[in-house]
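Consider the two complexes below, in which chain A is the common component and chain B and chain C are the respective partners.
Presenting the complex of A and B:
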């Protein structure tokens, strides 16, 4: 354990203590607020939260949006990466997939409003061409109850991130193995299944968890593009926390901590299941 | 190891030094016993930080371009305006209260309604201050109900009235020749023009006010609610009419009522793009600056229902841990002066109603007041006054938020 050598420790100490003092204090306060009622220990707020059907609806809605967006981001990202790593030498392509990453989520969300709302850019375009006769015939993509606008935004925004994570893995891939599969008569699918999949799977899972937990707890895109009911979880919790009646605050803490715990348990499960496997695979590939 | 211990110790000392209390409350209690002249002396050449909602350019320009230079010239006070949402700086104050931080960073806050109730109940405010302010004594009708009570909460001198606003609907006169005069006519209009009307969710201040008008009508007048105070059982039985009305118009609203704008800003955007034909808002004159900036069409006009429109007073207060309470009091007193209030009334910047009693003004100021042209989109003062309705208990705001979700949104 070189990390805890005497000289290194001193360098690490200030950031370590700051993190513990600031973040740790915040988390501890949140936990304490969520389990105390009139200075007595209680889990009532957690019970209240999970008995609240508005919260349950919001949780289902958020989970499904996060799941669908993650799935499509990963899938499209994977397709693009496979195509991209062969054309890596072309620097122009690198710039193209970097562009969406340069804009903050809020800007991206607002752009969606400008492009896809019923008086937006696309609506006026098809109206002027004569495909629709009234602006409100344009399909409802923004503020729709299925969260289509939110999903599109996240897929557009997270796909480049997936590419960013996957591209290095594809570059380290042992391409001779792919040739072996091909010479043995394997199709493209066989190459993917036997060579690429085992190599990229851990990264793919890691990326999925990052993207999933990010979308599950994000605020600004659902605020711009979401619907009145159900709301995504962070919007609901924000409302509970900041609305005029402060008695809902412990409930807000309880709800947010539940989400945190959920993400944390996925991470733990991933770590215990896959880290070992990944290590073996790296060894198997001869690249310790 | 010794080195490590020393480092740890020094960090802890540093951290604990951050929360050392500065016991100055005793000297501040004396501030309220001082003569006004002494307070003004104490305020000279200090800095005053005002935390206020910064979402309106007209208001911001009024503070930065008119108030700040005048204060500097007259009292040597440097005014720093910090835009922040009310619930956020209240949270900041509450945190500071919990941490027993006796010296904060906020000198004045702009506040009313539920936020005032929360602040008062959690002892976040300094005062009573209003009986110390010369301009309050001189120009404000301290006996009127909307000065004594803020949304049903007794003010007790903890906040000074800054302005009065009244709820109006805004519409585009090029598209609507005859605006509806009652809720029944509005329903009729909505059905004839599907998709052209909506209102913000009741979590939004304006959306909630829209529903309160309907609630007044449903229970048979605001007096009934004022008499009883907060009585959920009474309202529950009487509100049936209101829910029926809202459910009836729902399929004809923007996006067929499947979703609602989450803020007034969102509704304004829909209105400015012509997606809906009406918007609304607390502040009878708020369309003027939006028309001037080209956001709203020039043909924007306003109307109120025959059944009345809710009026609202908003206030200025000093936090319990303001580092410059004398400066804050002098600044508030300045903002309540006829000069500052008349300038606020002019459509140049803000165009908002005065908190002063016009009859207490000097003849010269009264004349100036009568000469101000508030603009085409603003209704005449006598019409507004005739239709003025009071606010009721703030707990109805929460009641509406909760029940609206059950009665309207979740019913398919």
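Presenting the complex of A and C:
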């Protein structure tokens, strides 16, 4: 196996440097900006931010949107994947779930506006059929205060991503184990619980963290589909960072770093859990 | 077709398409260059702290890139990387490289190290065995990387806006101000541009693959 010897580790250097120099350095600079006031150390900005009603509202709003969207994307993605891997041989399906990837998020967002806003296609369709009598009777799901439009957009866009992550795992699954469960009289749920779940659980967790942190810190879609109050966190931060007076800048850093720390701590909790689980799984399945 | 006419008369759109192409293709190439060797090492070798590296390489997509870029902003101004397409390329690596490493990690894992061992034991050089054995087998992964990374690069609005300032105009930074000012038909045509560009790039890479990668017939 040793072909390149130590030089193999050299190949890890470029992404290592990239991560340290960009992510590491960037976060450290951000932290330093958020705790300095007139060259003195202070946590004042964090206190300010968490005492700020606009920020708290925005944090709640963002967290709930991210949780709900992630949950539905994972759930629907899992269902579709289980159905897909049985018809895996059909190459056509591979192309179909790539299509949503063709457009950036904000283009999907714009399509949502086009279709579902009160002046959109569906509204005028049901109006012309006569189900509603005025265009403004159409339910508000774009720029609504619950973020339904944002959630729908993300579920549509992230479900293919979940499928993309899960399908290879289902492909590698030891399907003889499923047959064992079935011959022993297990139901479909037993197959899922005892064979599939232990195998896909790490990937499912990883995918859900990626999706969650992506949505929590997203800017483009909420910009199109969100409300002015409460705003998704990134919009608020961008506003503090760029608009008007510079005194808001440290607050922008403090707000964004709070979100970062939140994601980071979930990730650490997951990782410490996963390292143990992965080890058990490798021993149990006998595939690796 | 009226939407297309108005859109194509807009002089900034051509400039934007050009810089989106330039930035996107550079990002794709850098991604391949970084991720193929790294993915291979992670897939074929076990070493101490491997889980740490895997975790580290996922960080750029977990840590909000807005936080990172805001932190980098001042330094990049000092280095003269803001308002320049190279700076935009660098920040576009953040949301793309982790995915590419994952893609190549799993595809190397699927192929396995044994083919290389065989070729080397038969006297082929390491680089030739990579070129003649792995590269043809990696074609599907390269294809999906080109597509995925280019789309990721096209979709970055905030990162491009912060680092590119007003000077680097990509189709994403042009699209947003358009949304509130221009007619629906123009925006619809514009939305289609986002799908057409990745296809042109995919076609370009397909051509390169046909020319440069050997033994396509057996594996295609």
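One rule holds for everything that comes next: the second predicted complex is superposed on the first by the 263 of 288 C-alpha atoms of A that agree within 3 Å, B and C clash if a C-alpha of one lies under 4 Å from a C-alpha of the other, contacts with A are read in each partner's own complex, and residues count from 1 in each chain.
As a working rule, a residue touches a chain if its C-beta (ideal position, glycine included) is under 8 Å from a C-beta of that chain, and two chains touch if they have at least 3 such contacts.
Keep in mind that what you see is a predicted model, and the values were worked out from it rather than measured.
Using the contact criterion defined above for the overlaid structures, shared-chain residue A:129 touches neither chain B nor chain C, since it reaches no partner. Look at A:51: by the touch rule set out above, it reaches neither chain B nor chain C. When the two complexes are overlaid on their common chain A, residue A:14 makes contact with chain B and with chain C alike.
When the two complexes are overlaid on their common chain A, residue A:223 makes contact with chain B and with chain C alike.
By the document's definition of touching, of the two partners only chain B reaches A:144; chain C does not.
Of the two partner chains placed by superposition, only chain C is touched by A:259; chain B is not. Legend: residue contacts after superposition of the two complexes on their common chain; A:184 is shown touching neither chain B nor chain C. In the superposition on chain A, A:106 makes contact with chain C only, not with chain B.
The partner that reaches more residues of chain A, of the two candidates chain B and chain C, is C. Common to the chain B and chain C contact sets on chain A are residues 9, 14, 223. Of all residues in chain A, those touching chain C in their complex are 1, 3-4, 8-9, 11-12, 14-16, 18-19, 22-23, 25-31, 33, 98, 101-107, 110-111, 114, 168, 206, 209-210, 213-214, 216-217, 219-220, 223-224, 234, 237-238, 241, 252-253, 256-257, 259-260, 263-264, 267, 271, 275. Contacts from chain C toward chain A in the complex involve residues 33-35, 37-38, 40-42, 44-45, 47, 51, 53, 55-72, 74-75, 90-91, 93-94, 97, 101, 106, 113, 116-117, 120, 126, 147-148, 151, 154-155, 157-158, 172, 175-176, 179, 184, 187-188, 191, 194-195, 198. Against chain B, the residues of chain A that register as touching in their complex are 9-10, 13-14, 17, 21, 54, 117-119, 135-136, 140, 143-145, 223, 226-229, 239, 242-246. Residues 3-4, 7-8, 11, 15, 87-88, 91, 113-115, 117-118, 195, 201, 203, 255, 258-260, 262, 270, 273-275, 394-395, 397-398, 401, 405, 409-410 of chain B touch chain A in their complex.
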